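Here the chain labels run A, B and C in written order, and each chain numbers its own residues starting at 1.
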Amino acid sequence: MQALHQKAKELLESGRAGVIVGYGKGSGDRVRPVFIRNAADVTKLMLDSRCRQNLSVYLSKPEIRKMGRPAIVAVPSVVKTIVQLISENQLKSEDLITLIVENGAVAELPDDASLEAYSASHPLVFPPTAQKEIETIEGMSLQQRFKYWQDELSRCFKCYACRAACPLCYCERCITDDNRPQWVCVASHAQGNFEWHMNRAMHLAGRCIECGSCTAACPVGIPIGLLTIEATRIVEQEFGYEPGLHCDAPSALSSFKVEDKESFIA
Amino acid sequence: MNFITQDNLLVFLKTLVDSGKELYAPQRKAEKVFFLPVEDAASIVFDYIQTTESPKDLLFPKVERLLSYDYDDGKIKVKDWAEGSKFSERVLFGSRPCDAIALKTLAEFFRLDMADPFVQQRQDALTIISVSCTKSDEFCFCTSVGAGPGDSRGSDILLTRVDDDRYLVECPTEKGKSLVESRKDLLEKGEEVERENYLAKTQQLFSHVEITKKLCGSFDSPAWNEASLRCLGCGACAYVCPVCSCFEIQDEGNNKKGDRLRCWDSCGFALFTLHTSGHNPRPTQTTRWRQRVMHKFSYMPERYNLIGCVGCGRCSRACPADMNLKEELSELSGSLEEIPQRFEDHP
Amino acid sequence: MSLSNIYNPYLMRIEKVTEEAPGVKTFRLNFVDDSDREKFIFKAGQFGEYSVFGEGESTFCIASSPTRKDYVECTFRETGRVTSALARKEAGDIIGFRGPYGNIFPLEEWKGKNLLFIAGGIALPPMRCVIWNALELRDRFKDITVLYGARTVEDLVYKYELDEWGKRADMKLVTTVDPGGETSDWKGKVGFVPTVLEQMAPSSSDTVAIVCGPPVMIKFTFPVLEKFGFTPEAIYTTLENKMKCGVGKCGRCNVGSVYVCKDGPVFTYRQLQSLPPEY
């Protein structure tokens, strides 16, 4: 922690960063996002295995942007998200300072190349329980899968915590907010819930970093990340495209190459 | 005094299920505890602190059909779902005292001025059997908002565990008394006990009266900005809260037929107060967080003499960004040592 | 016995559609059910929730005078989904109406006083109701003055009524359009409403001012009134906030502990001064 506190202190005192976005002590055993602006507060920063929430979601928050250039304590999923956000023109690597902490030492990833290199060498290790869940669902027939999701999504009450926690859901006006036409039913009945989650899975297909923040955010315990993860893996299989690796990658589902396969078009 | 054993309690609950009443009780799902319809009384759980979702959807469901319309032969017909609808008899088992007070507050709010018929009819058809809290956790703060782990307000029957397998049975209302009467063979008489001796020692950290006073002049305080920095503007806190009642009215259908629905909504959403012109009276998350706290602890008490919070702690447990209302209010109230312990006679 | 469903609308037939200005229409509505019409009472200042089944509800004031028993009128601008659906309706169509909601202009308290009505643009509708109400009880009040302005001549609403009011001997009407909004044959004034008001130099003695308009107009009108000695208690206005239920339950329109739908929409300037600026 010493190295991180020291680095944070230097960044703030030198004025290179206006705010350090990191993790600090939360309620009970939890950790929570912290926004350090005074050098005196850097000791609040911590980093351990509980620190998994994808903090890059705060990079698009207006109140945080007003604080000046952010330095973000980046776990591997955050680095991948930053690469993906750069490829989607939401960020530039020079507008933030990405800090990685490994073996007690702190390093900066100052540019696109270093971000890409780090992302490539740190594939996300999927929690074994989630991997098992995916395999279980993949072993189900389509009818069984539908029943599984009917059951899970019946608890959904459209709080949109999944959307709020996801750094890639940065649209200022979400498709659910449109009412001409009302693309997605507002109500949280079966149809409305399916419409929302199917939409979200399609909008994240090929973009989801698999950080698991949406599943962690869901207050009623729906493993909602499985949908976006599966959609992204299908994109990877079909189009050979993995998100979060290249800062200048084209968008998977809205770019077209002549060589794209057409085997599924009758 | 009346008591019931754990075994007889399960028999009692099974009787309710068999008699055709809809029974809702805490059951495990997805590693959390929810109030779910009971098919098998054996699936009811007792060893947990608090359910994830509140039981408010028994009075105020997440989707309520208000009316349906139908252009039959070009002539419109409107069906009113409050009229003549059968609101089935239900029993809620296992709510905590905080939940029962919250449901009472929620129903009272919906009764004000023009009474909402849906909430009223659902409340009339609901019997609430609460179980006092013998344990609380770091998120609970009922005693700081005028409630308590054994408070009987709002409950028709209140059970308090006094032994490994025995509950004290109290019936604060006629509804509760008559339900218990129907199976009084399951009760046993016993020596008087003091309910307070068996309750969780939930320390009072602040006084909600002091909070309301302090909030009075605090609208422009810069503290709101700091407090709301990590809030992501989702609706999780409002939706798990047993007192939150904001909603929206949404039409679903086409020019032939459809429904007008009432759906949950949250003041935390960015577009909640947005005018069609584009003007938004609460344009930042700071203003929206402030509204949440002020509404519950300042505006509602001022206007209706109702507190908008029962200290159940669900909002803090559910929040993906770890916003913690108890922590915030404790900080707001100042030094904790100044508040005398409420349960002074307990070690 | 079931409670009456407070969310259930009256069915109203559109009797007449008037195009007031580009994008602005007035509907004259009548109750489909005669017994509803007989029971219906409202007072000036109150509003309703008007709906197109399948599209939603929208909030407008009741723009006709409460002394007219045979119809209810509303005026709206086509802005969003519901107002666009309403704008597509024709005479003979049925829409929904819930109301009357809200508080009222306290005409009783204004007895014996001069009334100064100041309105801008699409905000004349809420005032039209109370102006007609006052005119129909004319001998209860001293002087009645109406100052009404819009961006351009085309944007003025209730043009035929402005003609009528202009010809009446028992009231004074001043109309104005923003600089650049005049046509070659425009006979009224040219200037922003607050500017024209200042030129009029209204006397505050025994006078009540009622102001409705877009926020920017209100912002510059209040200081002019104060300059001429109007106290905040003598200045009335209406607030608009996004509404859904209209009966103080959905939580959308609240400003501090006040609900615009229940405690408003009519407020004095003094009351506004004690509200948090969330409207």
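Note that in this section a contact is a pair of C-beta atoms (placed from the backbone, for glycine too) under 8 Å apart; a residue touches a chain by one contact, two chains touch by 3 or more.
Quantities reported herein were computed from a predicted structural model and do not represent experimental measurements.
K.L.:
Taking every chain's C-alpha mean, which one sits closest to the mean of all protein C-alpha atoms?
P.N.:
Smallest offset from the overall C-alpha mean is found for B.
K.L.:
State the chain with the largest centre-to-centre distance from chain B, centres being mean CA positions.
P.N.:
So the chain farthest away from chain B turns out to be C.
K.L.:
Report, in whole Å, the distance between the mean C-alpha point of chain B and the mean C-alpha point of chain C.
P.N.:
40
K.L.:
Using CA atom averages as chain centres, what separation in Å is found between chain A and chain C?
P.N.:
So the centre of chain A lies 48 Å away from the centre of chain C.
K.L.:
In angstrom, rounded to a whole number, how far apart do the mean CA points of chain A and chain B lie?
P.N.:
Result: the chain centres lie 32 Å from each other.
K.L.:
Would you please write down the residue numbers of chain C that are in contact with two or more other chains?
P.N.:
Correct list: 56, 80.
K.L.:
Counting only residues that touch at least 2 other chains, which ones in chain B make the list?
P.N.:
Touching at least two other chains: 248, 250, 252.
K.L.:
Among the residues of chain A, which ones contact at least 2 other chains?
P.N.:
Correct list: empty.
K.L.:
Spell out the part of chain C that touches chain B in their complex, as residue ranges.
P.N.:
So the residues of chain C touching chain B come out as 2-9, 11, 51, 53-57, 79-80, 83, 94, 96, 215, 240-242, 244-245, 247-252, 254-258, 262, 276-279.
K.L.:
Touching residues of chain A toward chain B in the complex: what are they?
P.N.:
Answer in residue numbers: 26-28, 30-35, 53, 57-58, 61-64, 152, 155, 157-161, 163-165, 177, 185-189, 192, 213, 216-217, 219-222.
K.L.:
Looking at the complex, which residues from chain B come into contact with chain A?
P.N.:
Per the stated touch rule, the residues are 29-32, 34, 52-53, 62-63, 137-139, 225, 228-230, 232-236, 238-240, 248, 250, 252, 261, 263-264, 266, 269, 271, 284-286, 316, 318, 320-322, 324, 327.
K.L.:
Looking at the complex, which residues from chain B come into contact with chain C?
P.N.:
It is residues 66-67, 69, 76, 78, 80-85, 109-110, 112-117, 120-121, 219, 245-255, 258, 260, 262, 265, 267, 272-277, 279, 281-282, 287, 291, 294-295, 298-300, 302-303 of chain B that touch chain C.
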